[in-house]
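Going by the order they are written in, the chains are A, B, C and D; count residues from 1 in each one.
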């Protein structure tokens, strides 16, 4: 289903080639100041921007349809629409199963009635609704002193630094169009251009930090903080893995309890841990340290190199060359989607 | 909260040192044949078994309290209780925050009223209820031709093979007490004993396969198959990462769209992919290939080496030596918990 | 929150004096044929129509924004917008608590940030979204042979017949603008005009029938069919009571088990009951007989007679004369809202 | 499904003739003082007590299995079991559809695998779990100054007074075994004995008051306070109608907006209404006045008079004389079930 959350519920709708994509965010507390600039700025971060990204123009002339009155949230559901413009539906036809795309599974699940143009409801375009409403959730969190930022940790052989001085780095990342901590923007762009020039694509690892979250958020067992964040992040197309703190690094051959346990200590009145290998979460619950997680994004499946696949309408094997306007890498654009989805999830949990 | 699922709802309850742990599984279809042997055999797999595991005896004299009549499920909720025996509560006192354990966050969340004995409701002991009801879910799946198995993929420097001949390997794993595919049991036990002898602990990566799942299960966006499985698996204590198919391997420097995309082809009438790098899932929905995922388990936080920490009742830093009976590694015992949790999740989605 | 349903989820949004009201219906199966006429016709039934109803013009130029492609549902969420036109916001000011209206409680719940114009998100105007998406749900049910109709059973001292020949009567009601079974339209209009002429308002009882519903829908305890319908119907403004079958008539002094029990019999292969005092539901589950329920609608609280009340901004008692354009009775217009809400609820349960 | 609630989740399980009935209440805040006496006293109110009620002995030797430690709730799920004793299963056989009972619908829904003994999971016996956990919820509410009481408003031709001095009357009702406000106990017992002596049964109307509830609880549309209470109350077997405040009285021929609207006024700083015809709820949200609702209970369907019905195993019409031990009226016993279910619902909403 296209909804998530208990106290703050996000619903998305729309298709890549329909009139709009949009989202409803319900459960937002009354009185949060909302400006068009805030949402526009957030949306601009997921828009194709440079030579490495899709040529589809997405001006994102969004409109707030409900839930905001006199510049503040009212407590009623907030619906934001983003019209689809610059559509070229002729690039698509039903039956061609692009490898590692959802065309085939959409056809099975929706029994042949799916809107197949540009991925339909599966299109990354729908994430514009998540970003627009995520800006609202993030504002509500920032009013509470909680901040969230995401950067490209790894792309090809290029690796960014881990978070160290988290609040400063989050602030830096949110001010940049190309979210990296160290000075590696051009190296990453080189990696992407290299993939693009060979008609190929590339993925990467994104790292997200949440600062200012108090201890005690989450629950043992099924409403663990890790589970809530993971469920939300796997909603984003292209995500194939998530790890908290050291994550898979906990399984390195030299990782032992004595080397990876986070020892508690008092910093004045405040409880902290000397290391933060658990990414701020013990037993499914925040411990007051920043929450840190990494997300694995697979290479964009749309590539221009010829591929073998099937036409499930004709029922035959084919060779396929994908046309249309596509990104050789979505890792930059997806950072703000992850930040938005994280903001909505954390807001749901603390509301 | 201690419930999960939409169509099949699992609720767990109980504390490590209370009279019982237990679970209610609601929404199971009527008519599934259930035997005590099936549940007992499943429970035996999570019981401490050998020199590398906790000395706590857990005979697991479970009792089915409802929902089964004349050896078959009735459609009403199934409650299974497992009495706690062989309890030594004196090993525990309130205030000591074992590093990387939930003692401190439990204290914050439950405002000082937590049952702190042996981790209380956070204890891995509660997973016995998951395993007992998971046996019911797995039986319902097997009646539909869906099979699930989990093995230790990596422990320390020892690595098992990936799944290849999945149905055969699942069947093999479910017949073994020590779930590995290749002949590496003694090497893993050596790794664990090495950790134990130095008063330490070790983690590992577990790999799970689901075979026989039809195409079309899951949804785009928030009810993705990856998200549903991830939420369920992160409920299990010690889990810090999950990846589907190649997972973080999609971000290796040599991974490109052209090398990792799974190309579709017709095998007779049947649609398959030549590789299964996506772990059987496209766009959040099963594509008919086996589902494969890996889970990262951190080293057991309870170690006998001295550690620095705090006493949050006294409000002071302390040096701590953990007593009680603990496992230097839980990776073997946790395999059946992951299989059970996966079975309950998949059953919820196809019910 | 502004969402309802498990398998089919309805979300409403919008304010009386915002740009639109709208709804998202998620979970609708793919392939249902949808026409604009079907939705327009349904919307026209809740529009003010005659001298007894509000002078606010509601042309309801709705637009389907998603989820329908080539005239059929796709399986993706369906968003329908209905622009607000003919708005006169100057009729409203914050602080005046209209008696038996939501102004005061909205102020408390939304901490002063509520959109108070015309009731904001509480306005009956929002039900246009329910009606538009309800037309889709009803079409999905009718494709399965399930039909739903609602008529005015009582208004003032005028009483309509109970349902007798249900399928015929449902068909008749859905073809009429003024939904009554017997020839009492002018008598009811007289009652309403009488109230209107004295600056007053009037309520009434509505009766709804669902035919063609198979036995076995619903559940014991918390997902009873009565509970699901009641929760949905109480969402509609003005509803203050609901009863199934005989309802409160079960408590008449001459009602005994022997006189009100519905005796089963075989009509060929088919199980029926001789009477249908239980309104088609036993133990929370449909028994194959038509479902019948009555809804009590209170008199419209907006009346033009002077009333005593408070101004909660000024903090003082006031005398109030309500201006604006209001209905002396909403019982005719609310019939289609109840039918729509019932359709969405039943569709959720059988999907 | 057998669960209800969002923040506080109740799950029931068990069958009339299984080893236990029970309930899990999850989400209760930590630190609520719980005594066995409190639960025992609550359970005693639903136990058969006098000549007018079932001869089945239900000693209700309940046991708290989890979630309470050192006499206080811990925040973890609370499981309470009540063993079934004094069972006579031989009174039941599969196939006989007792009129207005759930035997037939259970058979359809559970495909022949239902536990048919004594109504199985549909049995009113399961409500003992609701009452036991409801005592916990009520304690949590009382600690907040919220009180709940239920009395028999009408039975046959005998009618009790409406609530007037609510806090005093709630306190009185909760101290009595036979919950009526005025001195009509013997008249009601006469009505019941009259029904019993003719092998028949009788229903009645129950009235419930909630005092001390602050303004602002509930929501417009789908999470209305009326809808939440109605869904919960319809979970109880025998309930066929519910109305808030005047309820169906709003549709009397002399009820007009001007006569039934509740006018607001300031009582010092406090906002009140002169009348409480809306039963404390406007727009789905509490307005600070006491919440009042009435519930219609149908005559117990089990009567000893011969009835016509079917045997759905044999597939034939039959004449049936119900044996076993049954109540000619359950209205007294059901009062505490309604109070418990209301407490759990309100606690869920304010938690």
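Please note the rule applied: contacts are C-beta pairs under 8 Å (C-beta built on N, C-alpha and C of every residue); 3 or more make two chains touch, one makes a residue touch a chain.
None of these values were measured; they are calculated from a predicted model.
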Check: chain pair from B-D, A-B or C-D whose contacts match over half of those in A-C is B-D
Outermost chain relative to chain B, judged by CA means, is C
With chain centres taken as the means of their Cα atoms, state the distance from chain A to chain D in Å.
-> 46
Whole-Å separation of chain centres (CA-atom averages), chain C against chain D = 27
Averaging only over C-alpha atoms, locate the centres of chain B and chain D and give their separation in whole Å.
-> 39
Would you mind listing the residues of chain A that make contact with two or more other chains?
-> 1-3, 12, 76, 109, 121, 220
Across the complex, what residues on chain C touch chain D?
-> 1-4, 10, 12, 97, 99-102, 104-106, 108-109, 121-122, 126, 154-157, 195, 198-205, 215-216, 218-224, 226-228, 230-235, 237, 239-248, 250-251, 253, 255-258, 260-266, 271, 273-274, 277-279, 282-287, 296-303, 305, 307-310, 312, 315-317
Please name which positions on chain C make contact with chain A in the complex.
-> 1-3, 9, 11-15, 18-22, 24, 26-27, 30-31, 63, 65-67, 69, 72-79, 81, 109-115, 120-121
